[in-house]
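After this come two complexes, each holding chain A, first together with chain B and then together with chain C.
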Partner chain A sequence: MATKPKALLLKFPGTNCDAETSSALQAVGFETQVLPSALLELSSLKDIQLVVFSGGFSYGDYVMSGRFAKLSTKSKIGEELKSFVDRGGYAMGICNGFQILTQLGLLPEGSLIHNTSGRFICRWTGLKKNAASPYLNELPDNFELPMAHAEGRFVGIADAAGDYVKNGRAALLYSSDVNGSTHQIAGLQDDTGRVFGLMPHPERFTIKQHHYDPDWNGAEHGWGYYMFKSVHQAIAA
Partner chain B sequence: MSKAIYRHIPISSLNEDELLALSQKMKLSLSKADMLAVQTIFRDENREPTDVELEVIAQTWSEHCKHRIFGARIEHTLDGETEIVDGLFKTYIRNVTFRIMERKPDFVLSAFVDNAGFVKLDDKLAVCLKAETHNHPSAIEPYAGANTGLGGVIRDILGAGKGSKPIASLDVFCFGPPDTKQEDIKAKDVIHPLGVMRGVVRGVRDYGNRMGIPTTSGAIQFDPTYIYNPLVFCGTMGVIPIADIAKEVKPGHILIAAGGRTGRDGLKGATFSSVSLTTASHEEDQTAVQIGNPIEEKKVADFILAAREKGLIQFVTDCGAGGFSSAAGEMLSETGGEIWLENAPLKAPDLESWQVFISESQERMVIAIEEKDLPAMQEIADIYQSEICVLGKADGTGILKVMHHGETVCRLDCSKLHEAPRRHMKGEWTTTESEDEGCFISFDDSPETGNQLLKALLADFAIVSREPIIREYDHEVQGNTVLKPLAGASGDAPQDGSVLRVDGSDQLVSLGLAILPEWGKTQPHLMGRACVDECVRQLVAMGTNPDRIAILDNFCAGNPDDHRELGALVETTKGMAITAEAYGAPFVSGKDSFYNYFKTSEGPISIPTTLLLSGFGIVEDAKHVVGASIRKAGNKLCLVGQASSGLAGSVLARVLMQGAEAGEDDALDFPNGPSFDEKETFASYHRYYELVKKGMVLSAHDISEGGLAVTLAEMGFSGKAGLKVDLMNVPTLDDTPAAEHLFGETPGRIVFEIAPENAALAEEQGFTVIGETTDDGQVTITNGDDKLIQASIAELKPIWQNGLKQYY
Partner chain C sequence: MTTTYEITNKFDVEGDAQSLLYAPPATPLRFRKTTRYLFDYEGDATALDAFVHEALVDRISQEAHQDKAPIWNGYAFILDYGMKGGALDLEKEAILSYYRTLKAPAFTLSKLLLKTRIYVFGEGADSALFVRDIVNPAIQNSEVINA
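Up next is the complex of A and B:
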């Protein structure tokens, strides 16, 4: 592809990880646009390859995380977003964005509820790949990312979570029980693999120096860089 | 509502006592002298004031807004000798900074004139820091008090220059001990320290996390004196293009209010903060506490930063204490102008005029723009979903005129409004230093005593890991926190502060702080010096250029009318000024909070004089960042500074005295504190920085609470190596006893790790190699052949790491 692929980052009142996510996407070769949700309209997705729902607390998350952002997105571009994905578009949700994508029904059914500790948890966590995904191609089977959330415990009806682990919808698992998430699910993808959501924050680990251990030497860049690189490669291919 | 609600208050014929009674009845917190000055203002105009005017004057002249104690003329007596302090702020803060600014012309860009002071980061960008207290609201309603405490200081940064971007926050708390027995609390309705702690932490968490500002630095002090009057300090750092620092309101500019609506919440917060707490405060003053809404503030922040980038903002400030009255008062203080209260969007329709004007409802900012830019501002406000209104206009008359539905409810001459009568006060202090060296602790030839004391210190509330609280704060949002509050091989070892990248710059900023209230109880002068040293030292240890550090003073004190309490404050301020000047560390901002005492039925309980000294500095290269966690075995350990005698104020002294109270030992006495020399110390920081620039310093940790032994243990919590030190190698100022060597808190000291091949160079720079890192997983401290401490890190770490978990 001669021109850079374009990523559109939606910004709701309370979205607060848009700037660093935009920088991370630019670092791997995306052209980016941060769009306040007040300006969102049907034509916003024109010429876009990747729609990103960044982290934060959309509308404060006072009711249920991602609920209002979902309603606002659905009323403005609900059907268009679905057909964007059907046409081959990619959509990524990070943390609050994962919660929004889940609410929108673009990811396998389930909910992200309060961590079992009832607390906000800011720490780094080990992760393991559980299935192939265009967002994970450039990553090793086991890697680390920072996480920071109060509502990251994935729960599904009956043993939906178990099914997702088996059928690969649960593309990413925590390597230990950090928040009570069923089967340690950290990230999900849809049937096509083009829609992907995860609780941890890849945009916070794009350079070596982001790591808490100054001696970390796992790769040339931080693991988050390779996640964005993966989806860039998938789109550019 | 279609009309103004206000009334005239007859004061011209009242006598002194009647004036004071009126002040108390209206809760104006104005003294007799103040009320007489008010009476004169209105007699000169041959009229009676409105309630709006009295409320505006009360807010403007309140201790909270005007800092009249730091401006007072104080007759101060130290050990029987009396001197006149012609204003603490002017003498020991502002003038120190002005002299440093002359010496270092290209560093401080502004100080004391804006919401926060600015220092230069590089040719394009500046950084600023502001810290505030929210003590009384947090005592009454911990969650909301702390929530709005952080929200308020973030707005200070949004209102610094033409709108700075908040990039990191700090929080510092002083609470009663978590294990306080309920029956030991001597006043009704006082919230147990655990309730205060949990509420306050969650309040900070919910504001900071939702705003997307990393909370990267902090501290907690626990002491019984804080049970009745906890302290909550919140600070925020910001960044702005240098060209956007200068701001000015000119006649013709219109004033816009943006953000939240105005309601009855937060009435009289400024005056409420300027009196002591009582049980009645818990019942009557609830309206003084505001409700926070961080998403409202996030929207207004996005709006202001976008408007500033478009060059539309001429002046901006926050609605803090005093609400519109202080924001508009500040903005119109030179030009004068008109305010139209009917334009302000309200939460409830029936507010009286004075309530609209002084309400401290949260999340509001006032912005001056050129009238032609109003449509462009409205467009950006709509995009970020922030409500705006035209609140007034600057007109060049020098008169503040407040209109409400066409009626003039307030008309004050700006020059008179800002001239509060000066206070005359008295302070006294008696030093307690003694020839007697105090209690001597003997260490047998086995490490048993040393190990036991080390474990007791690691388990003490002063030292235990703050991890359960740190993890509730998002300290990595914005993706720039490179030195995090917890690091090391497993990301859970303590650090000296934090270092952040700044978008758009190759240089980084560091954030550090010191608070030593235990020292203030007996040695306020030394506390002032030691706080400046510790803060600067942390910043230097992390890789900051020692010549590019700026500091902030936040004082909390009890009853300023008590001569001894004011005397302790004067001594602290004097000590602080000496070290700041010697280190060339300018004060760029600061704040003070008085009346931190509680009137119980058994008499008043005051907090000790407490100084939070926070600071920030420039780390010139990402390669200079130094963490406090040991990197590997086989390296050498070096020391900056030297040990000295004196345990007063130390955690060891406190732990031993607590033991004695429980009847385990005879009375213990620690009359003297440690010694250090600023000139020598600062020169050693420069020499240390030379090694930092060469990339030789692998890890470094300051020696502070708990002394050398605790420092070594904490460095070992990285999980990468053990540490072994021989005290025979440690330089001393005097004939320092073993207890002071191990647990003394002499300022000026940093332990650092260096590769063996670089040890000779460190020695050339004047540093002593005091030991090495080992692969035995132990902390070992010997004195020649005597083993004073030998303990396994695997055993020590859980003691330190789990100490607070059961309480939070």
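Up next is the complex of A and C:
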């Protein structure tokens, strides 16, 4: 039997979606390890194919979401995460994880700030693919996922966001303006495609029964399952 | 030495002050919110500035204003509030924890205070309503600065 690809889920104080994300990754064929950030060291990424920053409120979102997770990661492993990606590794950030990846500078430059409503938004949202991505191969052009965040409005310097939409760095867009995100950006990827972050929560829609419509029959699994399946296939290929 | 940094968000606009209160104010009011960090320190001011910009300021979306008079004019009053000295301020602790990880910071931090500042704009603003609805007197103290 082929060896399963390994995913490392970093858990900061306040990360709270690691268990369900780990389950979702296992469901598509990953071997997973949840690592408390206090134990993170340079050797932690050895033999890992995918590093996942799960959702939650790392360090209470103090100062700004993702800020102390970034500082903590950099003080422990410096630029090792970037080297990991340069060596062919994959990195995924979901919600707070997306904010952390953005702060770490592993994604195109920009910030995720408070929604224009000033409120925490918890709802389902329509999404559309804007570019090819190893995380989206198994998904249709339009699908939906749950979202839950207070700081999900993507902003960039000048019209960087517009450039990201044109050049495909903005791989995923909201189908409507849900939080004020510039050009309705919901997810970004780096120029290799191996680093991907999104605000919605794929791990919260991996089985049909997660859907708000009990009769939903859009696919065999929830759409989030296919996002994790996509990256599994990209790594296993 | 003492210095204050006030952090503003470049993308923020004036909001409806009703969102801060339990009941609508008698007249329409607007507000803006900032965060203020008050430092007592010894050592290199440049190093402290670098620390602030590394840990507390997002260069894409925020701006830091050092030792500046109120950033906006035309306010009816300013409400500053923050945690009391004896109350556990987890945000401050997170900042200090990061500071303690620095190997050679070139400055010594002897005191840090965090304050939220709200500028209220409009005629007929009653600061007492804002203090009552925003500040938790059990754990926070506040100060009103009138125009």
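In the analysis below, the second predicted complex is superposed on the first by the 236 of 237 C-alpha atoms of A that agree within 3 Å, B and C clash if a C-alpha of one lies under 4 Å from a C-alpha of the other, contacts with A are read in each partner's own complex, and residues count from 1 in each chain.
Heads up, the rule we're going with is that a contact is a pair of C-beta atoms (placed from the backbone, for glycine too) under 8 Å apart; a residue touches a chain by one contact, two chains touch by 3 or more.
Remember, predicted model here, so these are calculated numbers, not experimental data.
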{"item": "Which of chain B and chain C A:L42 touches, first, second, both or neither", "value": "neither"}
{"item": "First (chain B), second (chain C), both or neither touched by A:A236", "value": "neither"}
{"item": "First, second, both or neither for A:V63, with chain B first and chain C second", "value": "second"}
{"item": "First (chain B), second (chain C), both or neither touched by A:L71", "value": "second"}
{"item": "Partner chain in contact with A:I113 - chain B first, chain C second, else both or neither", "value": "second"}
{"item": "Partner chain in contact with A:I157 - chain B first, chain C second, else both or neither", "value": "second"}
{"item": "Which superposed partner A:C122 touches (first chain B, second chain C, both, neither)", "value": "first"}
{"item": "First (chain B), second (chain C), both or neither touched by A:A132", "value": "neither"}
{"item": "Residue contacts on chain A - larger count, chain B or chain C", "value": "B"}
{"item": "Intersection of chain A interface sets (partners chain B, chain C)", "value": "59-60"}
{"item": "Touching residues (chain side chain B, partner chain A) in the complex", "value": "205, 209-212, 293-295, 298-299, 302, 382-385, 470-480, 482, 484, 486-489, 491, 503, 622, 625, 627, 631-632, 720"}
{"item": "Parts of chain A lying in touch with chain C, wherever the complex brings them together", "value": "59-60, 62-64, 67-68, 71-72, 75, 109-111, 113-114, 118, 153, 155-157"}
{"item": "Complex contact set, residues of chain C against chain A", "value": "9, 11, 15, 19, 54-56, 58, 60-62, 90-91, 94-95, 98, 101"}
{"item": "Interfacial residue positions of chain A with respect to chain B in the complex", "value": "13-14, 16-17, 19-20, 23-24, 36, 38-39, 55-57, 59-61, 119-124, 146, 148, 201, 203-204, 206, 209-210, 212-215"}
